[in-house]
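The following pair of complexes shares a single chain, chain A, combined with chain B in the former and chain C in the latter.
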Partner chain A sequence: MTGAITFENLHAFYGQSEILHGVNMQVEAGSVACLLGLNGMGKTTTLRAAMGLVDRTEGRILLDGKELGGPTFRRSQMGITLVPEDRKVFANLSVRENLEVARAMAPRDAAFDIAAAVEIFPRLGERMEQKAGTLSGGEQQMLVVARAMLVNPRYMMLDEPTEGLAPTYVEAIRQSIEVARGRGIGIILVEQSLPLALAVGDHFHIMENGQIVRSFTRAEALAEPAAIERLLTVS
Partner chain B sequence: MLAASLAVNGVVLGSVLLMCSLGLTLIYGVGRIVNFAHGALFSLGAMAGVWLSGAGLPFWLTLILAPLGVGLVGVVLDWAILARIRHRPMVDSLLLTFGLALLITGVLYELGGRNVQILPVPSQLEGIVSVGGLTLPIYRIFVSLLAVALTAALLLFLRNSTWGLRVRAANDDPEMGACLGIDRGRLMHSVVGISAALAAAAGVAGAPIFTAFATVGDKILILAFMTVILGGLGSLRGAVVAAYAVGLIIVFGEGYFGGQLALMALFLLVMAMLIKWPRGFFGEGRTE
Partner chain C sequence: MSDLAANPALERRASGRGLLIAGAALVAVAGALVPFWTTGAPFLLMLASQAVIAAILALSLDLLTGNTGLLSFGHAAWFGFGAYVAGLLAKLVTPEMLIVVPTTVIAACLVAAVTGAVLVRQIGKTFAILTLALSQIMFALVFVASDITGGEDGLQGVPVMTVLGQPVVQAQTWYWLLYGVLLAALAASLHIRRSPLGRAWLSIRENAERARFIGIDVNGLKLLAFVMSAGLGALAGALLALFNGAASPDLLSWFESGKILMFVVLGGVGTLVGPVLGGIVFTFAEHYVSSLTSAWLIYFGGLFILIVIVAPGGIFGVLGHAWRRMQGQGR
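Entry: the complex of A and B
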């Protein structure tokens, strides 16, 4: 099944402050778009706006041709979910319960189940009965990514999933992104680590002051990674 | 002997507080609403018990119908009023539910709640039993067992059902729950309904002990808030332990030092907890 999530001239506001000034972007199902930029440029706000977690938006987002709108849970049910940057596990639930609550939100016949999640993240299988709040940072990050995949979304947004993680965990997250893409999920990845972005990304969008100012295809980015790096360096 | 008798009364009060506090902490946890109307729902339950009993219904039927009716009132209140301020700052919910409490109390005043009324103990539960030289009123044992049974049923349901899993997930992090597709609004209708029913069950069961009048729930509300703070906002097992702790502190304090001193001791404890351990007994409460 093909499809795409399309951001059309998206503006977003927190109170009176306009944070996004017309974001335009299209991410196809089964591809990875990396959203890059310095801190405070609007990357996280772009993801939160798509989930309906900002005060107000203008412009529109189309998800497989249908306008994405309404409260956050409705947007999730339409097929998009978010892995936020601060590892929001359900701390008082066990690892198993964290996974089960997500699986219960997916269609009954959805392909990706808890066994598939444990296959990607075997460490979670060893921690099933442990309270999620007592996991290490890396394990919590694995859990929130697995949980997001378990709702069987069409599109998944990851906000700096490898920040502060040890290399083994970064590798696990990279593999999970590959698996999600292989399953036809469209991914928007906000990432500070350029090597990871270059390893998984199909398209690269640079954000500055609430807008996408440049975009690169994978071929362009691999041919000239220094050009991207320059754009991500404080001058 | 006095101590044993006070302990029994402390457990009874703790049981009643437990039925109110679990609802209070769930409503806060899932909806981030500080429900000042919870005490009024307790009063409504007690008064409904008196009305239904006055209409000739047997106690047992009253004990079922009054919580069902008040539970329905809870669902309607959430759907019609609380849902409108779901995304507003917590202070708005505090003021709104305070107004709701005054409104419900005012209606109860007009419907006969000015006078203290007593719901008679059902004949099957009259009398006392002697255990090891201690005489215990059967009805008070019944109230404690009822509270424990209802609490255990709720906790089991929360632990083993999909509904419970969603409630506990939203209790931990409502925003993340929504990102996974959990409809917090619909969940809240059921949470407020069940919480209101539990408060009403406490009101009916407590009416033969604490009597029934328009503001009978006011003191219970204050003690239930103390319970929820001691247990940690949003912590269910914290509320269980704290309910009995508060019940025993109040009853022992009243027995040995007088009612005002007992309350002062409790407030001091709550203040110390808020300053030193704001997350409650098990460290799993919320602090925002």
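Entry: the complex of A and C
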């Protein structure tokens, strides 16, 4: 099944202040879009707006042609989920329970199950009965990504998933993104690490002051990464 | 099975689990034998029956607080509601348990569904204060409608309960009936805990926002917990009114709500089995300590503080810790 998530002239507000000033972006199922930009440019707000976590929005977001709306859990049930930056696991539940609670939210015949999650993150398989709160930071990040994938979403948004992680964990996250894309999930990745973005991204969007100011295809980005790097440097 | 044999850690856990189940079955059977141990001591059997009701009540609060993290300061509202509705039904309509108790529980669930729809949108302190307010409203209603509730004197003259037309007068029969309800409620609660619904509740307790991200209807499931908790609390109240043949406004007081919360904290919040133990231990301790000193509340207050600081897992937490140590030594 093909499809896309489309942001159409999205404005977002916290109270009186307008944070997003008309974001336009389309992310195809089975592709990875990297949202890049300096801090405070609206990357996280874009993701939060999609989950219904800002005070007010104008414009619209279409998910496979249907307008995304309603409370957060309903949006998740429509097929989109968010892995926020703070990687919060259900700390007092075991790793297994964390995974099971997410799997239970997916359709019964959904393809991605706990065995598949353990295949991507073998480390979680070794920690199944351990309380999730006792995992290391990198393991917790694996768990929240696995948890998001187990819902079997159509689209998955990752907010700086590798920040502060050791290289082995960064590699595990990269692999999980590849697997998710291979399974036809559309991914929006907010990432500070340009090397990781260049390794997995199909499209690159540069955000500035609540808008997307430049977009690159993978070929363009690989041809001149310096151009992107310049846009991401404080002048 | 070959996996089990090949892995000593799993084998040990499996045998430990077997031991635990055997131990739990032993305790359950011992509980059922209480009437035989208390022949010639009718008061003790009555106290044991009260303790069983307290255990059901404690379990009902843990369904809400332990499962979803919502703290109620007014759980006595449902206990008292159940007692008065069941008492009035028995007096005015029929003393048949199979009619009175289900009707009472359904009525409580309906009232809880309506009030809960507003309450569960609140979190933390706001929710706790609103539950207290709700219980105070119910408390006041008893006095407003004093010509049918008996006001300060309480509801008196609730007739002897019947089951399928047979009056239940024997203290032993009463005990077994109450004990059966407790076991059934506990078994159902433990079963739900292991089901997807139970897991979803716990994820809400852990982090409501993340639960929403994976598609869990947080407010809907909180409301379900609130309604089930109210229903079981009202069931405990209904049984108490029928058992005592009376209901008093004290059942709805904030002091009663505080006591129920103490059962749960004493036993271990969120453990289901713990609050059941908490309700039983508290009922006996309250009786014996209060017969020794009129300042018993001071001691209980001190004990409460001690538990929260030293053993936040309550009785269940302490037992679990001891069990793990024993298992550790058995290696």
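One rule holds for everything that comes next: the second predicted complex is superposed on the first by the 235 of 235 C-alpha atoms of A that agree within 3 Å, B and C clash if a C-alpha of one lies under 4 Å from a C-alpha of the other, contacts with A are read in each partner's own complex, and residues count from 1 in each chain.
We take it that a residue touches a chain if its C-beta (ideal position, glycine included) is under 8 Å from a C-beta of that chain, and two chains touch if they have at least 3 such contacts.
Being a predicted model, the structure only gives us computed values, none of them experimental.
After superposition onto chain A, the partners chain B and chain C occupy overlapping space and clash.
Once chain A of one complex is fitted onto chain A of the other, the partner contacts of A:Gly42 are absent, as it touches neither chain B nor chain C.
Of the two partner chains, chain B and chain C are each touched by A:Ala91. After overlaying the two complexes on the shared chain, residue contacts for A:Thr81 are found with chain B and with chain C alike.
By the touch criterion stated above, A:Glu100 is placed in contact with chain B and with chain C alike. Where the contact sets of chain A with chain B and with chain C meet, they give residues 51, 71-74, 76-77, 81-82, 84, 88, 90-93, 97-98, 100-102, 104-105, 147-148, 151. Note for the complex: chain A touches chain B at residues 51, 53, 71-74, 76-77, 81-82, 84, 88, 90-93, 97-98, 100-102, 104-105, 133, 147-148, 151. Looking at the complex, you find that chain B touches chain A at residues 162, 165-166, 168-169, 171-173, 175-185, 284.
Of all residues in chain A, those touching chain C in their complex are 51, 71-74, 76-77, 81-84, 88, 90-93, 97-98, 100-102, 104-105, 144, 147-148, 150-151. Residues 196, 199-200, 202-203, 205-207, 209-218 of chain C touch chain A in their complex.
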